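In what follows, chain A forms one complex with chain B and a second complex with chain C.
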Partner chain A sequence: MLEMTINEKACRGCRLCQDVCPTECFAYEAATKKVTVAVVENCIGCLSCAYICPSGAIAHRNHHVVKNFYRNIEFSMRMEKFL
Partner chain B sequence: MSGDKIRLNTEWLCDCGGCHVALVDLHEKILKVLESVTILKCPVLTDEKNYPAADIGILTGSVRTEHDRHAAIEMRKNCKTIIAFGTCAVYGGLHGAGLAHSREEIMDHVYRQSPTTRTDFLPNNSVSSLEKMVTPIDEVIDVDLYLPGCPPHPHFIFEGLSALIEQRSPKAGKESVCAGCRRTMVKTEADTIKEITEGVPDKETCFLSQGYICQGSVTLDRCLAPCPNHGVPCSGCAGPTMQVLTEPTRDIRTEIGQRMSRLTKIPYDTVKDHLERTAKTQYAYAMATKMIGNKPTFLIRKWIAEGEAR
Partner chain C sequence: MEEILKKRRTLQETMNFMAALSAGIEPILGRGATSMTTAAGRNLGRKFSEKAKRTDDLLTAVEEVRHILAANHCLWGFEPFKPKGQEQLVTINDKGQHQLQLVFRDCMIRQALLRFGHPQQGSLCNMMYGFFAGALETIMGKKATLEIRHAGENACLKVLTVDA
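Presenting the complex of A and B:
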């Protein structure tokens, strides 16, 4: 089952995730000025929201990973070493 | 000195020394670190000229002179784990901008035409020779761990060091500076890019929403966001986020362009062009590394040439 979480503290309330989500997974709470995951069942795991989020606050788990053959090899070799 | 303590060497290469100050900024926590660590070599604490055998070696700064190269190689030989510490060590740092000039231009400017000195000769002894390029240390020696930041906030230094000492994985977040900023990102009618000297930015609203360029969203949080929380837009000193580094098509200028054009009425291309025109500033901290320099979309020489032709 796909899970999607938003780090509430990191959310700046820009609603860009709502703009780019093709399947309307998110809801905006005016009181807190934060976005929440409303319907996780809608999520198709395209990760558009994770990429547009300025804070990097959105995380997906158990989604189908599409292997990306077009990656920066210089960095990928070092990625696991970052503290 | 206790035999079971972890032995630590630190060495600075081409840097400002701020990373070593950041180590001292651990304040009382440094006492906790020293319970399990013995410092053998540290340019600001010990008078050790050689490179004693150690478990952890912290290297700050990039390789700019022949001495830097020698020191990096000696540290690698004598330390089991090498940490590239600070943005200069990881990405080349601010002096990466030196790549836009020839060695002769730099030497002339510093030693012959500097407005603040009267001497007019190039030193040929006592000063280590300048190398052709600014090189992040991982292009000279193998690096085990990277801790970017200018300097890294003591919070991350303590977490990194204690994880190493306790032999566990560090809690290293992949969030950007925006995650620690308290400003609210709202959609606005702003239609022009403003310099930070123009007007007074609203304290509660995101810089991007107001038309000011801020690199918070493309910068890895190794600082706990002090600048945007105190009225200064992020200059990207801790280097790019993981997604800018992994994806060749995503870049500092395209990511800021995407977000800013959605938050304001400023078109994507206007933001992108502005960032290309000011590329030496926007990419200052990370352009010496191949991780950014070799990106197929990173065309700084072309952008500089276009800027000069304007």
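Presenting the complex of A and C:
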């Protein structure tokens, strides 16, 4: 199952991750002025939050990483019909 | 081996061209660019689904589209998405249309765009809209749209809407 963690010390509470997330995985805690993972089950693994975070505080584990198909020889063979 | 590497280079060049086309077609052709790529996708969807099993059930139809893509060696894997708290995969909107959220992970277009530094959600991304529209029109006999809700670096979230 996909795991997502936020490094509390690194989070500045800018809420960019909250804005970019299409499935509302994050919640903002006013008391600590930091963002937390509220609904990890909703995460689709788009990694937009990890890319946008200025502190690099968000990390994902056990997520699907897209294939670099153009470097995959087997896939290149399958694509022959389109070339 | 040399032959395979040659094909790989050709594939990379093709994807490079596609990415440049996607980034450049809209500034040149304007709003017509999206219509062109959508129409191309729709034609492809109709053509590929000619022999597909007909059904009224949206989930069965989406599975049929998946089989069509796999049978034609298209690397456009997707899966239905249900947010926590939502009871059914298929929901009905206020217009009475059936809606299903789909997550696209391995996508040839996204990979090519990011590889060459082009923005997402361009004209080529709308080709999938057309493909689903064409395929579902054939399979279900109903009008369908595929809206891009979020274009991410590793996955995209789209909403498939089918007329009641």
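The working rule: the second predicted complex is superposed on the first by the 67 of 83 C-alpha atoms of A that agree within 3 Å, B and C clash if a C-alpha of one lies under 4 Å from a C-alpha of the other, contacts with A are read in each partner's own complex, and residues count from 1 in each chain.
Quick note on the criterion: contacts are C-beta pairs under 8 Å (C-beta built on N, C-alpha and C of every residue); 3 or more make two chains touch, one makes a residue touch a chain.
Here the structure is a predicted model, which means the values were calculated and not measured.
In the superposition on chain A, A:16 makes contact with chain B only, while chain C stays out of contact range. Looking at the shared chain after the overlay, A:51 reaches both chain B and chain C. In the superposition on chain A, A:7 makes contact with chain B only, while chain C stays out of contact range. Of the two partner chains placed around the shared chain by superposition, chain B is the only one that A:33 touches, whereas chain C remains out of contact.
Looking at chain A, you'll find residues 51, 68, 70-71, 75-76, 78-79, 81-83 touch chain B in one structure and chain C in the other. Contact residues on chain A toward chain C in their complex (touch as defined above): 22-24, 39, 41-42, 44-48, 51, 63-71, 73, 75-83.
Against chain A, the residues of chain C that register as touching in their complex are 4-5, 7-8, 10-12, 14-15, 73, 75, 81, 83-84, 103, 105-108, 110-112, 115, 149-150, 152-157.
Put simply, chain B touches chain A in their complex at residues 83, 138, 143-148, 156, 159-160, 163, 170, 172, 174-176, 178-181, 183-187, 206, 208-209, 216-217, 241-243, 245-250, 258-259, 262-263, 289-291, 294-295. Within the complex formed with chain B, the residues of chain A that make contact are 7, 9-10, 12-16, 19, 33, 51-52, 54-57, 68, 70-72, 74-76, 78-79, 81-83.
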